[in-house]
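These notes open a run of structures that come right after.
Two complexes come next, and they have one chain in common, chain A, joined by chain B in the first and chain C in the second.
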Partner chain A sequence: MKIKSLAALAASTALLAPMAMAADMADSMTLVSWGGAYQKSQVNAYSEPYMAMHPDVEVVWDESSAEAVAKLRAMNEAGNVTWDLVDVVAADAIRLCDEGLAMEYDPDDLLAAAPDGTSAGDDFGDLIVSDCFIPQIVYSTAFGYRTDLVGDTPPDDICDVFDLETYPGKRSLEKRPINNMEWALLCDGVAKDEVYDVLATPEGQEKALAKLGTIKDSVIWWSAGADTPQLLADGEIVMGSTYNGRLFSVIEEQKQPVAMLWDAQVFDLDGWIIPAGLPADRLARVKDFVMFATDTQRLADQAKYISYGPARASSAPLVGKHADLGIDMAPHMPTDPNNAKNTFLYNYEFWADYRDDIDAKFQAWLAQ
Partner chain B sequence: MSDLKSTGQQTADAPTPEDALHEAASLDAREAAHAPGGKAAGPVLAADGTPLKRSLARALRRQKMRALALIAPLLIFVLLTFIAPIADMLFRSVENQIVSETLPETVVALKDWDSEGGVPPADPVFAALYVDLFIAEAQKLHTRLGTRLNYEKTGVSSLFRKTGRRVGRFDTDTYTDQITALDPSWEDPATWVAMMESDANRAALPFTARSWDRWTAYQLSEGDDPAKEDIEDVLFTTLYLDLRETGGTGAADARIAQIAAAVGDFDTVSLSEQFADADKDWLDPEVWGTIKAFAPNYTPGYFLNSVDMQKTPHGIEARPENQQIYMKLFKRTIFMSMVITLSCIMLGYPVAWILANLPTRTANLLMILVLLPFWTSLLVRTSAWKVMLQQQGVINDTLVWLGIVGDADRLVMINNQFGTIVAMTHILLPFMILPLYSVMQTIQPTYLRAAKSLGATNWTAFWRVYFPQSVPGIGAGSVLVCILSIGYYITPEIVGGTTGTFISNRIAYHISSSLNWGLAAALGSILLAAVMLLYWVYDKIVGIDNVKLG
Partner chain C sequence: MAALTPIFRTPVTFYVPVVAAAGAFAGLFIGTAQGSGLLGIVAGAALLAVLALAATRLLDNERAVRWGIVVLFTIGGFLIGSTPGLILGLAFGWFFGWFIYWTYEGRYRAKLPPYLTPGQVLWHFTFRVICGAILVFLITPILVVMPLSFNAEDFFTFTPEMLRLDPEGYSLKHYKDFFTNDDWQQALRNSVMIAPVATLLSVSFGTLAAIGLSSEHVPFRRAIMAILISPMIVPLIISAAGMYFFYSRIGLQGTYFGVVLAHAALGIPFVIITVTATLVGFDRSLTRAAANMGADPVTTFFRVQMPLILPGVISGGLFAFITSFDEVVVVLFVGSAGQKTLPWQMFTGLREQISPTILAVATILVAISICLLTVVEMLRRRSERLRGMSPG
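Right, the complex of A and B next:
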């Protein structure tokens, strides 16, 4: 009996020995994302392969990214952060970093180098817009239009959105000033590189609102990313802005008579942040996961499921075909040269400063 | 809650120790009156010999304690999970410690600066800011403060972020170099530790001592040993400033006197220029005015913002016309809640009347139809209205098919006030019907018959006899519907468009998007006060005793 149990003990220690490394890591982690098709693409590209490699790890998904900043702040105040990795847009990452709620990291230390040896810091390049932000994808806010409602001359210019004569009918715009103000100024004759200088002045803000005022009665304002696709599918609107991945699914997956208007699309970034102050074992697990989930191949894999561009330069050549539809994904990427002839990059610094001020004016203008 | 006396019913039905206590008291009084000549009869005694009065009082106390113990779990639960968080949230509407905690030196230094003077403050204030910002940057608090002040003055957010990046690289190493050139032992942290242990030295170098304490407290909190870390430029700067100010008189250490003798010939660095180099906005008196205006620990600023006013360096002013929104939203919220309540009464009253007058079996069956919406998700019901009301929706399609409206001018019924009122009336209707129904059930049909047999017309019988008896149900339903709709959020967000949104949508925005929790708390407090005011008005007009849920 005694010998038996000793043998069992020896066997189990022998088994445990190689796991000693893993024992320092927590065996579960909570990832926070946006839900829907986007989260599914992350599950397919990141967490399932990771779990296949680490069958003992439990991955819990939480669909709270839309309120991530507020919730993380509340968790932090309560002293009980239950999330391990949070998917947020870059602007939110900057705010979380500002508030000390996200962990600063060193890209070359935390992230894998590209297969050709380029360091992660160089591979991601300028897309690391904050010391806490681990970029994943480049997405854009662009317009989609109903091909059956625009006649023989489909819109190809952002200013067609403001042209009620050629394209009568409703449009949908996001219920916030960001992007809308820039487009309005562009179509009011302001040069692209002066947009933010103009928008920083009260007169410029008035000017933008006045331009938006010319179509105000024909606008349905959306607040959820799913609104515009639904409105387009129902034929409620002629054209509307939303995230390009949503439009891809309306066009290619649901086969609706909708097409893209890429002109003046606004690039934005989405990525991970690690909450500040995680206990060592959970942090170790998250670091292990992030190293895997942001490597060149994984980022390229994600593009099989959703039409967002990988944030690594080295991933771009690896983007292949859609996993179910079998179509080439490259032409649907916002970063594709054909689509990116005229683009805007979300100006984080500007909006961090002017967000509250312009939003107050914008909302007051809306309520009039 | 533990006061059983007020539950009148109990006094009427069963005698309580309280009644007995009154009884005993009056007995005592009577006996005292009936005992002339001081030969008072003893107090009435209970069976065990204690005075009846005391024994009854004890029984009463025990009963109250038992009642309290019975409700204690609920009371504690409500206190912990409901009252405390609300109180905490409401407290944020005035709380503003972040400025004085992050910039303690600056706040004090700014006291004498005149915000109306139109010039930025003098160098000593910049020196105070230098120390504050240096420490705040290390603690990662400066960006948080920037976000807070950006609510009041646009641009402060990036001002703090930018300056935070620069503050460690100011040209103040000039002082470090000059001081260490005179006496290299200043480079050794041990010198500083020893120096700062002497009270005389600290008195001679007050600014340095305060900065040293804050900096070393931070180092200790990070697990670093101040005696081993390099001395930062900022401390050499404060040392220089102190010595120039006080000459180091009274210092116990000769090394201080040595530097003090030399500071007159030092090359100097203008801190205001350093800050202006980092960002020229530091020369803008408005920025300083904002810091000064929001320096106190408690501020009315959030409340002012929520009534379209603002606190500026020049006092309290109305917000520019193009930024006024909250008063409009408050009025709209109250108005639309009233409209929704009225439509619920108009639609619910006949339904409740039919339900109350049908045989029980049929009534129960129909009741299920009323309750059915409760079993469906709120989101589903709201989205269903979207499908119904939109321009390519069911109603418009039907109208076009019937030829009532043309295809080109379909009705706009959603993303406006109309849509919100329709959807919310539907969603809140059961809250009106249920109390109405239960009150109507208790109205005797014989009263109506009696009225008619006495010659009343149908209308008189209803209006004079039936309706007054159903008013408590209307009251209960109205209070429920009105209060629920004032705080409604999800339905106006989905179908409200721009003209049908409520104040709660702005509160949600400030909670989850702009992170201006102070403003959200102030808006919430005002909303809470408005609801209480409505309740009070209702009590005055209708009387809250006149509300019945069944």
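Right, the complex of A and C next:
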């Protein structure tokens, strides 16, 4: 018995000897993402090619990104972190990093350099907004409108959202102050570069809420990214905000009578964090995966499945056609020059400082 | 029961307003669907009042008039709403034809005792209408889901094609998605593996606890009972959070066995309550008689007590099964992505991507539940009949 198992051990060691590196890595990992078309694009572009290269690795997907911060806190408290790599928006990454729940990393060490030799740190550039944040995509929150419900003059200005006379009917906005407050101020005559100065003052916050108050009775508040597409498809709303990838799917994949209103779209970033304190074998596996999944080609591949812009500068020229529809993806990217004439970038510093305060005011205003 | 009471034709002042009121009620729905509820009420009332008068005063042949009304409504419905309108018109026409003569001839009185006052007669029918309305209220959300699950689009929307009953608007693609998508199949497998084992544990422990707690010599019976049924009373989220931290410490979090144990804990109270209730009617002298004849306690339990309390055990087990099969909060905490059950998959599916696959799954689950309940009820009746506990 003993001899037998020893022999088996020797045999397996001999087999694994050429892959000594792989032997130190865990053979399963749990990736956390948002579900839906976005997660599917990650499966297609990242995990399936990776599993093709490493058939012995098991990848489990968990659709828990929406509550990633709370769950990671609980896991940390219970001393039982079961996630290996978590997809979060940049603001959550910053919070997790500040709380020590996410691992800090060195871009040039963890991530692959661009094909032309540019270091990863330079290739991602300013998009690495936190020491823990590994950027994947640039997405935006923009408006979509029903082409059959807006008459002959389709909306082309963000302030059309507040114009109930020209565009009567319901609109949907996200049930949180971020983005809505900026748009309200912009349409209340505040210059774009002063928006955050004004929003920092209590009067400015009142002003923004008052502007939102002019359409409050016509607003359906959403909390999940899938709500606005459903409402648009129902014809329940005339226009509504959501993530641009969701709108792309409604327009191009589901062929609904919907079009984009790109004006004053708000860019935001989404990417990975590695939970702090992973055991060595799991960490080694995740590092190997991240190196692969964030290289130039993989990020460009993801854009074949969903209209989010790759976070690497070197990926942009490689963005091609949609995998199934065969249409050019570049004009559907939020970063396309035609779409990006007037844009905001999510102001991480401002919202980190003011979020709790303005959130409380916004929720109180909603309940009135 | 037929013709218990002699019936008389009612006066114009009675049946015309009643029929008009029914017409107004139906008109409210038709009118709202067409854009103006008020107009619908007025038109419905007027149309039905005229019809009732015409049918009773001008014409004499009931059968012919009722057919006429059906044809009239069917054509009207078709003009307003093509094929679906035709079907609705057919139903409305049949109903109103019947209703006009039912009130006019006084047939509503026929099967009621002759001594009832008009007020009691009114209450008799109001009560039935209220019961019907409650039934409709309870069942409509489930019924709406079923046609939507055959939607050809990827949204929760009745498309114009569907409303026209155009086959183009319907498809089985969401069912196909459920049966071919790995996520859903994995979730189904997990649910099917977790629920029966959790049920088995709940039924074994719950029945034992109920039998023990129903014997008089156990100390602190009430306190123990209260603790055992607390998972049913404590908010689920609190149990879930507590289990999460406890199971994490002892290494059960994120394991199959952990989820089974958690679900068993949730199911036990149901079994205890139903079995305790059944035990109230259990005659303890039977166990003494069995012991007297030389049976040991285990034999007594399986041969004498268990068959008699079986209905309670089965319904408790059914509740425990459904608790586990429907449960989403605890599994979100105690399970990890590897133990994703159907309700979990439906929950994330609803939040992240409103996909009609959920409706297809819901329809399948409803069908399974109905089958399950029917089978259990038939078995129960059969066993009652065999033991002579109920007639027929």
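By definition in this document, the second predicted complex is superposed on the first by the 354 of 368 C-alpha atoms of A that agree within 3 Å, B and C clash if a C-alpha of one lies under 4 Å from a C-alpha of the other, contacts with A are read in each partner's own complex, and residues count from 1 in each chain.
In this text, contacts are C-beta pairs under 8 Å (C-beta built on N, C-alpha and C of every residue); 3 or more make two chains touch, one makes a residue touch a chain.
Note that the structure is a prediction, hence the values are computed from the model and not measured.
Legend: residue contacts after superposition of the two complexes on their common chain; A:Asp234 is shown touching both chain B and chain C. In the superposition on chain A, contact is made by A:Thr30 with chain C only, not with chain B. Touch criterion met: A:Val60 reaches chain C, while chain B stays clear of it.
More residues of chain A lie in touch with B than with the remaining chain of the pair chain B and chain C. By the touch criterion stated above, A:Leu345 is placed in contact with neither chain B nor chain C.
Residues 66, 234 of chain A lie at the contact with chain B in one complex and at the contact with chain C in the other. For chain A in complex with chain C, the touching residues are 30, 34-37, 60-64, 66, 74-75, 77-80, 82, 224-227, 229-230, 233-234, 254. Those residues of chain C that touch chain A in the shared complex are 153-157, 241, 244-245, 248-249, 253-254, 336-338, 340, 348-349, 351-354.
Listing the residues of chain A that touch chain B in their complex gives 66-67, 69-70, 73, 95, 97-100, 170, 175, 206, 220-221, 223, 234-236, 349, 352-357, 359-361, 363-367.
Remark: chain B residues 140-141, 143-144, 146-147, 150-151, 154-158, 161, 322-325, 328-329, 390-393, 415, 493, 497-499, 501, 506, 511-516 touch chain A in the complex.
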